[in-house]
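What follows is a set of structures for review.
Heads up, the next two complexes both have chain A, just with different partners, chain B and then chain C.
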Partner chain A sequence: MIPAKQINYRQWHELFKEIPDERVKNTRYYHHLPDAEWSQYLFPPSTHAVYGNRLLRKMKFDNSPAALRLWGFVLSESERIYRARQAGMKVVAVVGDLGAITPLVYSFPDTVAFYPDCLWWTPFLMESRVLFNEAGQLGMGEDCCFVRAALGAFSKRAYFPKPNLIIGTVGATCDDMAAVMSGTEFIGNDVYYLELPARDTIPGNQQRQLSFLADRYREVATRLEAVTGHSFSEDRLHETVGKVNLIRSLISEVKDLAATTGPNPMGGMEMMNVEFAALSYYGDLEECTAVLGAFRDEMKARVEQQNGYPDQPLRIVWVTPPADPILQNYAEDLGARIVGSEYVINQSTPALKTEGDVFENLAEGQLAGSLMGSSRFRVDLVVDQVRRAKADGVIISGIFASTHCPYETRPIIDAVRKEGVPVLAFDVVAPGKKQLQSQINNRMEAFIESLRMRRSRRAG
Partner chain B sequence: MPGEMNPRERWGLLLIDEIPDRPPVYPLVTAHAAAVYGCDLTTYVTNGKVMAEAQLAAQRKYGHEGLSVFSEVGIIAEAMGSRYHYRQYDVPILDQPIIDNHNQIEKLQAPDPGSTGRLSVYLDAIDTMYEAAGDILPIFAFIPCSFTTAAGLRGVEEFLMDTVLAPEAAHAILDISLQAAIRFCDACVLAGALPVLVDPLASGSVISRRTYQEFALPYQVKLISYLHRYDLDITLHVCGDTSKMLDLIPQSGADLFSLDQAELPQAVAEMGERVRLVGNLSPSSLLPSSHQVISDCTHRILSQGIPNPKGFVLSTGCEVPIKCQPEKLQALIQVGKQAHYDFQW
Partner chain C sequence: MIESNTIEDWEAAYAEEAKNKPKIAYLCLRVPPELIEAAGAIPIRIAPRKEFDTSINGLIRSDGCSFCRSVPAILETPCYQNVKAVIGGNCCDQMRRLLDTLGESLEIPVILYGAPRTWNADRSYFQVEFQQAFKYLFDQLDLQLDINCLESIIPLYNKLRNRIAELRMANSMSNGLLQDLARSSLPVIEKLKFLEQINTEPSGNQPIRLLLAGSIPGVWELAEIEKCGVSVVADVTCLGDRVFQFLVKESGNPWENLYDAYVEGNLCPHRRPVDPLIDNIKRMIDERAVQGVVYRSVKYCHPWGLLADRMKQELNLPVLVVDDDLTSPAVSNFRTRVGAFVEMLQSRSRRRA
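The block that comes next holds the complex of A and B.
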């Protein structure tokens, strides 16, 4: 087995030459369509850097073909969605619900979903202010979460095809996302709104909520029938939920493997790519399963053989997804590894129920989301991870000016400190602000150094 | 203005078979950038930072939609040992080819782009441009194909004679030229540029269709398929008259063909289903023609290019002349930017 290593984009460009031609040719998405060259996606980061993803030149990547395949799959999502439309498939944009509705969308034939919200990392990946400036011109400036990049993308019409349907989830979700939705509507897009109730813990109220939300999902199904021209089928939804559950179980398994007590088997960014696959399966449910399956196999083999990155002893739980992918690389360079995460999408990983009313099962999944309901729920999730992963420290990468996440930062800090675990919290710096970025780097250096000293003190 | 695409976005859509708001406007502004920037040509072709600054200055002035990294087609041949003569007011020309007898061929090596000849000028230029504007502007590195480099290694006439009298030797030179091109392409890609393959010596103005098929095309195919393995969209630029070989161009595998002296409607008919076309206002017409004539020609080219099924880029047929008057180029760009597809999002 090849020793696990993190390598840069130059090294991957060279290493890529060793990957057999057949493998490159046969690593494709949309297998149900005739073989087309455009559907290949096993390419090194240098390919994506040439097309403007500038940060890739600074990042480090795992050196396994399984990780390369994962990166290729993630970075080709935008083109894939365009190709879906070119092939006559229906494209549904889902905003704000973070993974709850996609099984329903995928249960319709020839229909795929994507999350415009996920474009929030594009400005970081491209080291560019283009999408933020665009959103700014539409009235959404630095007083909104980075998710405003999605509004910029809707306005530019160059990052995804015009969706056949936009489903916007509002109510007990995030205000910033709701603002993006109304901005999207304001510039001429029809948004189909879906109201989410806040999670209620009073026992009698729970069933009422479940029924309310299940009814909303029934309405969505009717809307999808109109858009796709296919009638809703409970059998197909059952089948899709089965596939989605397989993806969810792969993600859970991979997360457990990352928390191994042996050497770190995988990079934090690869892990984050895996976790976010739970939202829309990056636009191809079948291929996503294959990508995650191969990735899980690689990690399993590594854990069994104690094959991991050397010099990353410090165990970190990462809270709130870092919009800037370089941050986790930086922590890893300093000797940390990510053994747990709370990326506000935890509700998209537990298996969905397969018995009973299909819509209520979807609703139950959604109501388990950390985005809705009390902050306590999310705080407990973090504390649970810290305990299970035996974390040395917690890093919270917040979002300046966002309305939702920052309010949970304080209670998380308090709860984690009560556990005797140090916490570093900072706001991620938008692209183009180099001096502020260097301050964050300094703070990370100091934090990780203090964790190292704490460890050696404890060791004796 | 909100809703307006930038060049990177426009090109991005074109390359995945989507329709942007309008065709990218990308005249081949190469050494002309030195005139805009106010530096001499020797400095421009020997200092990557200056080349980048000049390109960026020209782009700011004209607003065309791509940066071009190009000095002259001998760049690889020079790094392999041929001598070029530098001129203050024009690009370098071949002075002394490295091969004067066939025994020298086996000594040739593919040069290290980081340390040989002026190859690093390209890399410095790309790096600077990429840092400065790589999120908004695509960067194109013009890289000579094997046939053109071989002619620079052997001397044009001698190499053409070899293709007739010593074809094995010709192929040996072409092989090593191909290795050199691959290595250089790799370095340019890693620096952040998309290769544009140039093969002016493989033009119908210089060689026959048969010579093209036997000595140029196979090496274009190999180079392009190497780059396709990395999923890169490759433009092939052949100057001069290509009208008699248009049907052969798609065989090279090129994703885009930048044509010079061939009729655009003919190119659309021959390859429009498979290849995006880039062209083709005659650069020489930029010198004497009036504003009106340039504007009329550009309108005509747009009306011929826009229907191309695989997509179209408005450009010049070859490099914008160094001494082109800015207003002339501006006329072309202005008309180009008013074009539009009937694009409904």
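The block that comes next holds the complex of A and C.
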């Protein structure tokens, strides 16, 4: 087995030459469509950098073909959705609920979903403020969190095809996304609004919330019937839920493997890409399962053979996904590894029930959401990760001007410190703000240094 | 013109009688004070007060909405002493989180109930949620809701609304008094008596008629606007005309009627789509012959702040958009910008004449 290590894009460019052509040719998405060269996606990061993702030139990647395949799959999502539209498939933009509704969307034939919310990391990956500037022109400046990039993308019409349906979740979700939806409507898109009830309200109303949400999903199914021209089928939803559960269990397994006590078997960014697969399966449910399966096998083999990155002994739980992916690389360079995470997508984590009412099962998954209830709920999720992963420290990469970070950060810090675990909290800064960025780097450096000293003190 | 400051005298005079009643603080336009009053308690709106100490805001980070950040400080002001509970309906995300934060930090019941952010989502769910929340609140405080009393209070509140609408349309009530009435914890009967005893001579016509829109106002903005020699004839902030705009149906089930008026009929900017709010503002602009709009949002208030650009395009009137922070108000900046805006409107008006 090749020793695990993190390499840069130039090294991957060289290493890629060793990958057999046959493998490149057969790594494709949309297998149900006739064989076509355009659906290949196994490329080195340098190719994606050439297409505009300039940050890749500065990042480090895992050196396994499984991780490369994952990166290729993630970075080809935009292109894939365009292809889907060209191939006559229906494209549904699902805004705001982050992972709860997509099983329903995928249960309709020839229908795929994507999350415009996830465009928030595009300005970082492209090292470009184009999307933020466009959102700013439409009245959404820095008072809004990075999801405003989604409004820029809707306006630019160059990041995804015009969706056949936009489902916008409002209610117990963030107001930034609600503002994006409103802006999207104003520039000429129809938004179908879905109401998400606040979870932790008066005691004893859980069953009513479940029924309420299940009814909303029934309405969504009716809307999807109209858009796709296919009838809703409970059997197809059952089948889709089975596939989704497989993906969720793979993610859970991979997260457990990342938290093992041996050397770090995988990079934090690759792990985050895996976790976010649970949202919309990057536009191809079947291929996503295959990608994650291969990734899990690679990690399992590495853990069994104690094959991991050297010099990353410090165990970190990362809270809130960093819009700027290079931050995790930076922590790893300093000697940390990410052994746990709470990326505000808890609703896409639990396995969905397969018995009983299909819509209530979806609703039950959604009601486990990170952000739709009290801060206490999310605090407990973080503390659970810290305990399970035996973390040395916690890093919270906050989102400036979001509607949840100002309220949750303090309680999370307090709870983690109560566990006796040091915590570093900062806000991710927008691309181009070099001085602020270097402050974050300094703080991370000092924090990780203090963790290292703490560890050596404890070891005597 | 009615003088707004006299309401404080009424409140002071009523304080002795109110001493033995529990106070329930509430957040925003989704809570019917009628219900609290009918349970024998004093409803007191959580809104900026003159005395609040802007330095007390440690619970919420500085990129949170500055009204939400101010609430812990507002609750420290004398009029909130001995508040027994806090209740609020789910409106914007930060308000929901604020109630959650208060629940963790205050040693009194803090109750949040679900309320729709779309239109016609499922009224049965939200109505039960609304009803159960108030029942839970009254149980917690050992209060008994008197339905007969509720049925008699609802028409009084309607009378108050009608009277206010009448005075506003006749240009006989200043915007300052309107906001004071919205903030006031006086029982409805006292508010009616107060309105009866005051001078209702219409004010002389001010040359410029403005609409005030945006986040909840602090305590000084209005005075600064009026100092520029203009009249704020319409106010769609949550301490303005919207507080008294919609009547509650008087026949039938009072719970349903209150729910309809306060929860379903709520026209706040956090609801999607936002068109009904914009249509309401346009209607007010026409009815009250508004010439310009001062659109003031507090920093990081997403529902209002991020709607400003759209409002500017939709309203087809000169709109001044100003950002403010309730915890460190930029009074001079505000004064300068409003002054310039009013001058622009005046010269526009002269040109047209």
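The criterion applied here is as follows: the second predicted complex is superposed on the first by the 455 of 460 C-alpha atoms of A that agree within 3 Å, B and C clash if a C-alpha of one lies under 4 Å from a C-alpha of the other, contacts with A are read in each partner's own complex, and residues count from 1 in each chain.
We adopt the following convention: contacts are C-beta pairs under 8 Å (C-beta built on N, C-alpha and C of every residue); 3 or more make two chains touch, one makes a residue touch a chain.
Remember, predicted model here, so these are calculated numbers, not experimental data.
Once both complexes are superposed on chain A, the partners chain B and chain C fit side by side without clashing.
Contacts of A:Phe232 after superposition: neither chain B nor chain C is touched. In the superposition on chain A, A:Ala158 makes contact with chain B only, while chain C stays out of contact range. Rounded to the nearest 10, the angle made at the CA centre of chain A by the CA centres of chain B and chain C in the overlaid structures is 110 degrees.
Shared-chain residue A:Leu138: touches chain B and chain C both. Using the contact criterion defined above for the overlaid structures, shared-chain residue A:Pro44 touches chain B, although it does not reach chain C.
In the superposition on chain A, contact of A:Asp21 is made with chain B only, not with chain C.
With both structures placed on the common chain, the touch criterion links A:Phe186 to chain C but leaves chain B unconnected. Minimum C-alpha separation, chain B to chain C, in the superposed model: 13 Å.
Contacts of chain A with chain B, set against its contacts with chain C after fitting on chain A, overlap at residues 138.
For chain A in complex with chain C, the touching residues are 138-140, 143-144, 168, 170-176, 178-179, 181-183, 185-186, 191, 193-195, 197-198, 200-203, 205, 208-209, 211-212, 215-216, 374-376, 400-411, 427. Residues 9-10, 13, 16, 21, 24, 38, 40, 43-44, 46-47, 49-52, 54, 57, 79, 82-83, 86, 126-128, 130, 134, 137-138, 155-159, 161-162, 187 of chain A touch chain B in their complex. Chain C makes touch with chain A in their complex at residues 59-64, 69, 90, 92-94, 96-98, 100-101, 103-104, 111-114, 116-118, 121-122, 125, 128-129, 132-133, 136, 270, 272-274, 299-300, 302-303, 305-310, 323. In the complex of the two chains, the chain B residues touching chain A come out as 1-6, 8-10, 12-13, 16-18, 20-21, 130, 134-136, 138, 186, 189-190, 192-194, 229-232, 345.
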